């Protein structure tokens, strides 16, 4: 796996553990709701991950984008599908999203080259 | 059609015409790109409208939500599908989106009761 | 109670019921987490409601501001305390928050004149 | 003057007076800084009001937009100049700004038809 | 002191000096208002710093979070108090704040291990 | 040219090429509209670049700020003009923009020391 993505994954995991170990029950429940929001329901996980990706792009959160790009790759999203979703985010969110689009494309490329998991 | 939705549709149409009549070519092109972003491509229109809906909810734009709710209804999105998409927006965007969720649900209900078009 | 606040309270209640009746378990749980975030813990409710108020102001959500102003009044927040909290929101969030500050002050005044509850 | 604009102006004035009468010195100073940011300096007031207008559009604050549209009209901004500024806001901020663009154009039109002052 | 926090503090100080040396009087006054917003008033500094922290989290500004975490530590905020404030920010701002929560917790930990000052 | 700015320019160019090579026609058109929004029209390019700079600051996008600072330098914006524009962004956007202001001033300084181009 690409070093940057691997580093991100490890940091994410380590800090999530610390947060969940804090003993704040409400935060634990929020994290659980966050995970479950993308589970298969009447909408397929692939669609939900695309929703998460576009929401992350218009809100301009690089870490969230990295996470959802990796998950979308796992769900079999193709490059043309990625770019159509990116285009929706770009039109809705404007040119202010372009720096995030650049990094999203870079991460997607790294995910394609290596096996990227969460 | 419900009066509020009909009023919104008319205002939207009237002002869009004025904007396009302003003679600013770039704004005309932007409006064209906006329309085309949701057209059938490798991703179906239904998925793209859901992307537009969730993006509008996390960015908290009531008019945009109204528009995409109506479009999603036209594309055959069911109530359980709507609520799963709403849930993604709620988890990503937080409780600050709840007032917009209330209005989205009200508009969805009106769309179901009457024939709502753009 | 002032008509505007009463109307807001009724609409809020009616729509929340519809949302919770939708059968989406995750949304129900989110609403529960939202309510519980402001309960007395190691931080008093009054402090938490002030946190909610300032967060709502910098994110510029009028309905959320109305809700937290009413809750802060219930928790005994005085006018000078309100204005110090408003000032933090104003400095952090900038002049773009001023229209929301105006409406916050109007609602606070109405809450003081009448008995305002959620 | 158009009723909507006149109503906005009166509400704005009335609430600003209440805020300034609250005795919070810091808020008074912030309001002063806000006013002075648009005064003639090395950049002309017209340019600064355009900066305020575009900032208000990308942050999507209707009241702020109304205020700066009226101020820009006073500073002699022409319609083609308005639309070029609107286009920058639209491209930077994306389609989510379109509902605000509609209302901006409506208010501009009203300002042109009547004498609109702050 | 931890290197990252020390580096942040030095960069912050150096650039603030340059900004204040620019000769723009209004910016100097804004910086002054910013500092004074957190001073003891009818609300204690501890509460105001928690307001600043939560506002910074929902607006997702890492540098602002780092600053207010350090200030809250100085004001004697305990870990359970931090996590209750983090939870308010998380619920209001949604999962998009989680990457900032991770970094906030990391910085809090570093502040606890070393003496962290502004 | 300063290494950081040069690195930014190269990364920006490389990724833009990849994005444009993706074959998504709508994204290509959006990039074209983005470029053209700042071209000389009834408003001079210098004014438009200042609009882009202030919009980028209130939306808090460092890469966008870097780009527009460099463009404004090319258009002959003086330091006092920069600081008046920064002040508008600071007042509108609040203290949350200060970390971005620091980096903007650092980049401006680097642009002045070296020849900085896009």
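Per-chain residue numbering starts at 1, and chain names A, B, C, D, E and F are given in the order in which the chains are listed.
Note that a residue touches a chain if its C-beta (ideal position, glycine included) is under 8 Å from a C-beta of that chain, and two chains touch if they have at least 3 such contacts.
Note that the structure is predicted; figures quoted are calculated from it, not measured.
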Set of chains adjacent to chain A and to chain E: B, C, D, F
What chain is the most remote from chain A, judged by the mean position of CA atoms in each chain? D
Can you report the angle of the rotation that maps chain B onto chain C, using C-alpha atoms only, to the nearest 5 degrees? 120
Hey, which pair has more contacts between C-betas, A-D or D-E? A-D
How many Å are there between the centre of chain A and the centre of chain C, using C-alpha atoms for each centre? 31
Roughly how many whole angstrom separate the Cα centroids of chain D and chain F? 23
Flagged in chain B as touching 2+ other chains are 26, 30, 33-34, 37, 55-56, 58-59, 64, 80, 84, 87, 90-93, 95-96
Touching chain F in the complex: which residues of chain C? 58, 90-97
Chain E touches which residues of chain C in the complex? 33-34, 37-38, 41-43, 47-48, 50-52, 54-56, 58-59, 64, 78, 80-81, 84-85, 87-89, 91-93
For the complex, which residues does chain E have touching chain D? 26, 29-30, 33, 36-37
As the complex stands, chain D meets chain B at residues 60, 79-80, 83-84, 86-87, 90-91, 95-96, 98-99, 101-103, 105-106, 109
List the residues on chain E that touch chain F in their complex, please. 11-12, 15-16, 18-19, 22-24, 26-27, 30-31, 34, 55-56, 59, 61-64
